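Common to both upcoming complexes is subunit A, partnered first by subunit B, then by subunit C.
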Partner chain A sequence: MGQSMSDARAMPATASETPLAGGARRSLASYALILPGVVWMLLFLVLPMLMMVYVSFWTQTTFKIEPILTTKSWVMFFSSPTYVGALWTTLRIWLIVLAATIVVGYPTALFVGLFVRSKTLSTALLVLCVIPFWTSFLIRVLAWRPMLGEQGAINILLRAAHIIHQPIDALLFTELSVIIGMTQIYCVFMVGPIAFMLGRIDPNLIEAARDLGAGFGRIFTRIILPLSMPGVVVGAIFVSVMVLGEFATSAALSGRKVNLLGNIIVTQVGSLKWAFAAVVGVVLTVVMGIVVSLFLRIVDLRREL
Partner chain B sequence: MQGRVLKPVLAVYTGLFILFLYAPFIVLGILSFQIGPEGGPQFPIIAWSTYWYRHIFGLTPPSRIAPLPIGESLIRSLTLAFMTTIVATVLGVLSAQAFRARFRGAGAAFYLIVLGMMVPGVLVGLGMALVANTFGVDRHWWSTAFVLHVVYTFPFAFLVMLAIFNRFDASVEEAAWSLGVPPARTFRTVTFPLIFPGVLSAMLFAFTLSYDEFSRTLFASGRELTLPLAIYGTFSVEIHPNIFAFGVLTTLFSLALLAVYAILMSASVRRARRVAIQEET
Partner chain C sequence: MAEGLSLDCVTRRYPDPQSKGPGKLALDRISASIAGDEYITLLGASGAGKTVLLRVIAGFEPPDAGSLRLGAQPLNGLAAHRRGIGFVFQNFALFPHLSVRANIGFGLANRAIEPVRDPAVLRRRVDAMIELVGLGGLEARGVGQISGGQRQRVALARTLVTDPKLVLLDEPLGALDANLRLRMRGELRRIRAQLGITFLHVTGNETEALAMGDRVMVLDRGRLAQFDRPEVIYARPASAEVAKFLNCYNIFPGRVGDGRFLAGDGAFPLDGAPPPATAAPGAPAYCIRQDLIRILPDGTETDGAAAGEAGLAVRFIASEYSGAAVTYFFASAAAPTVAVEAHLGHHRPLELQPEQPCRLVWNPADAVVFA
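Here is the complex of A and B:
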């Protein structure tokens, strides 16, 4: 402290310029500070997305694309049962995984956010949930293969417990394995926000309801659930955006049986069909935009958070 | 709240939930000790061995199973993560600092930045590849993939710093200003030491996200692969337990990184506390 004071005295000339002055100067400084970040995002996020929309109308020949505008790729997407099918598969898997993450994650969030009184314990539990994220995403996905396979851990355990006698072979390389894998990878994104919202509920509120004779079911549906909705919505937005943009889990766990829009993009880029890949990209962007805006309509986040 | 029944039930459920999160990793850890080279990536364990760990480091006699192509890709991934960490954290601190004053267009700028972490990697990756093709720019991990890594991690750094600045006591800065310390110097000697724990968290976020980032890199990098891309390459061919051994090693590395972060963090918190005590006396 003493050192900075002597430095301050050494520079009296700049004292007149100290920015205690006006708001105008401060907002000018803000613009200067925000500029690099905004320019970066415009150049490397907004421009690529616009480019994708533009290229989706280019003419695709076998080996290259030309900037002659056409809707041919768009017509091809919506007239092909394979691609429209991929759109439906994506939507179906998204809905199932979303529901699964809520069902699987909510009780844990309820325990961590509401039932655990000690702040340290609830933080420790959340940290415990996050630690698996420090394993590479792809290896976490691959690890489901020895779990689900015919000789996999689940089949071995179920047989050892005499629950089944024949191994279940429907567990791996099916839509189910993709759903299980995605649910496990993304459910933590549901637990976090819900636990956060539940942790903010005033215990007196629940106490009061109980004093007035409400059972737990009633307290849950009338108080806990509505107050945790913003958390569910935030979690749902996270999970939706990630699941809709997925392709690695389906590639690794479905044995190429499940083709999501993301998988189509990867294949099309692989065969240099850029215009068509762009069409699929735009479709995916539109789907995602609709989904997120629907969620934001359910709960006014800016008011709730 | 009928807590007597419900609480234990939920506690057991939470235990099972955590087991669900860890189960694949446990299985992966067990299978990484499968005997090699004949043992496959599935149960049962024929015999326990550290063959696949030695296989990664090329310490086993040559067999039909090619070693994982990780040497150079690991260096690339670490370099890329390091570059991304620096740029994303600097941008994050600058932008969050901007948001401490009110300015017009703040809402739009906020959403623009946060969009970077929301848009899926496939889409930005594809868009970036299209931009690069159109403008005749070559795609490399250190150019087109790097800028996308920053697009992805900068919002995280920004949000962390925003949270830090929200709890920040601006009067210390004002005191420095009123004593005539110029803003840049105030930032270096007063503001920065106070926000350092936040900067550290932002760097940790940026590093781990970039190190593991895969979908953006897939389209935006050229022929030279980063580590996740090299792992993705093994998806299409047969997998062997060496990938599991590698998963165990990378996880240990990440946890070591996390430990370093925890140590630096607690050291800086302790230092801050000591300074606070000195000021009081």
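Here is the complex of A and C:
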């Protein structure tokens, strides 16, 4: 490292004689910049993932796990309606939460990124969106219980307003409460990237479209929406990766009625079923990989960002 | 198709962020009438209100007072997309995600009033416009893959294809390099003449304003300082400020006294000069064009000067060669710098030494005096 640094410093003197060699050395030095990152990722991402695939084929007995290859855990996962059901529940909740974050987040981002003219104000509004993150994840999730419960704030308010007479008990410990909780927590990851892309749209473009005779609806569908798509895709990738791997929200708000793949991993690891947990982990990773690559198909992020 | 634009006391005020006062006047009672088939250039220093005026006419900003009409149609309160006015932005504002063809067709396909739904009609009209502005062969390209001059043409075509009654161009040549700018001047005039509609072209460049406009509007700090044919603006600026924008006048501040204009140690005869324009705003000033002054190297003081000529004693500072002409710069007590432009087709270049005393003479009838 020290050697290449001194070489780089001496280079300007010799650069005129051997420009090509100098260029090659410079690019070699620039590869050194990514070395720590590559080492880190290999040790703590690629290696563990390969290990996870390997362990998923180990033989599991009640109290111990042995490196004897078998497909037993895989067969168990795909033949059990409980586990396959958990896969479908995960996918369903992911899709609903994704749609909900877009429905809630896009108009918010539109307001923050496009309609607020002052940069200071729009930054302040984005910071407001992040304020819930000043408390811990657990508190944010558990705070929904006194909101949604049978004796919770929403039921009390609705009854006080004489809109309902019996408390709604479907609000808490159902799939609905999990969806409400997740939408609230992950919405900001949708708002941020979209607002960023919208903020980058040249206001002259919208004026130009207006000048060419287009009304707001047309301007939105033909100019604003396509130009903000990269933001939607980035937001969707954030939300998807986080929701697909979720376990805490469903554990806290579903009363153990909603089992996601993440919950199964937690339970299986808790009972030392490492091989089976690895199977679920591999399934989850494959699902995430497919989802992310599908999103990247929609927009060429390298071109847009 | 050709409909005139008339402005009546159009005023636009910008709030002053520092004080709670009424704010700065960006447009101060602009009244003008523009015919339906004219090339108008709008000249002014930066901050004079040129772009604001264009934005008010286009409908991007409302006027605080005054009214606008296009033909018989009042524009006040009419949304920008219903005005039938085209706007060509300085940075072109092309839609980055659309191809050249889609950019040009955007207005026709998406406008609120009478959109073109038939793809064949749309295609034909876009093709005709591509032909007119000379973009053939580039239809499928993205707007990021074409040159600056081609983008300028896309911006123009995109606006013209919607058949606007009036086209506003905000420094359309500002983003182009010098060579291309000269070529586009002729192109713009040709395209306008072919369509027979009015172009209102904002520019900060006096040569561009004079060369391109059938008539030139000069804006000075939000007020309409002069609106006339280029040769009138050039020969008879309406105020010292207008003369300053034209960049070809020497302007001497001073006062009128017993039949002469007194500026520093200079006293210029007023007899023979056109009567001073007293209505012009601002301090009294004596303006003489740079190319109407003769230089007499010292010693020939009495020999060269004809009877009745105005004269001024100066010191030579420097000269600047620009091909067809040389500009000489002098210092005097009447004005810090006096410039004289001598065209080499008519004069031999002078050999002057720095600090050499000289005498400048001119015909008093050529001067423009404001008192």
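Worth a mention:
FYI, the second predicted complex is superposed on the first by the 268 of 305 C-alpha atoms of A that agree within 3 Å, B and C clash if a C-alpha of one lies under 4 Å from a C-alpha of the other, contacts with A are read in each partner's own complex, and residues count from 1 in each chain.
Note that in this section a contact is a pair of C-beta atoms (placed from the backbone, for glycine too) under 8 Å apart; a residue touches a chain by one contact, two chains touch by 3 or more.
Worth saying up front: this structure is predicted, and the values here are computed from it rather than measured.
Once chain A of one complex is fitted onto chain A of the other, the partner contacts of A:208 are limited to subunit C, with no touch recorded for subunit B.
Legend: residue contacts after superposition of the two complexes on their common chain; A:151 is shown touching subunit B, with no touch to subunit C. After overlaying the two complexes on the shared chain, residue contacts for A:226 are found with subunit C alone; subunit B is out of touch.
Contact with subunit C, but none with subunit B, is seen for A:218 once the two complexes are overlaid on the shared chain. Between subunit B and subunit C, the partner in contact with more residues of subunit A is B. When both complexes are overlaid on chain A, the residue A:176 reaches neither subunit B nor subunit C. Once the two complexes are laid over each other on the shared chain, residue contacts for A:91 go to neither subunit B nor subunit C.
210, 215, 219 are the residues of subunit A that lie in the contact sets of both subunit B and subunit C, per the superposition on chain A.
Every residue of subunit A that touches subunit C in the complex is listed here, in rising order: 202, 204-205, 207-215, 218-219, 222-223, 226-227. Subunit C contributes residues 58, 60, 79-82, 84-87, 89, 91, 93, 95-97, 106-107, 110-113, 115, 158-159, 162 to its touches with subunit A in the complex. On subunit B, the positions that touch subunit A within their shared complex are 1-3, 6-7, 10-11, 13-14, 17-18, 20-25, 27-28, 31, 41-44, 91-92, 94-95, 97-104, 106, 109, 112-113, 115-116, 118-124, 126-131, 133-134, 147-148, 150-151, 154, 158, 174, 176-183, 185, 189-190, 208, 212, 214-215, 218-219, 227-228, 231-232, 235, 239, 243-244, 246-247, 250-251, 254-255, 258, 279. Remark: subunit A residues 1, 4-5, 7-9, 11-12, 14-15, 17-20, 23, 26-27, 29-34, 36-38, 40-52, 55, 104-105, 107-108, 110-112, 115, 125, 128-129, 131-140, 142-147, 149, 151-153, 156, 184, 187-188, 206, 210, 215-216, 219, 237, 241-242, 244-248, 251-252, 262, 265-266, 269, 274, 277-278, 281, 284-285, 288, 292 touch subunit B in the complex.
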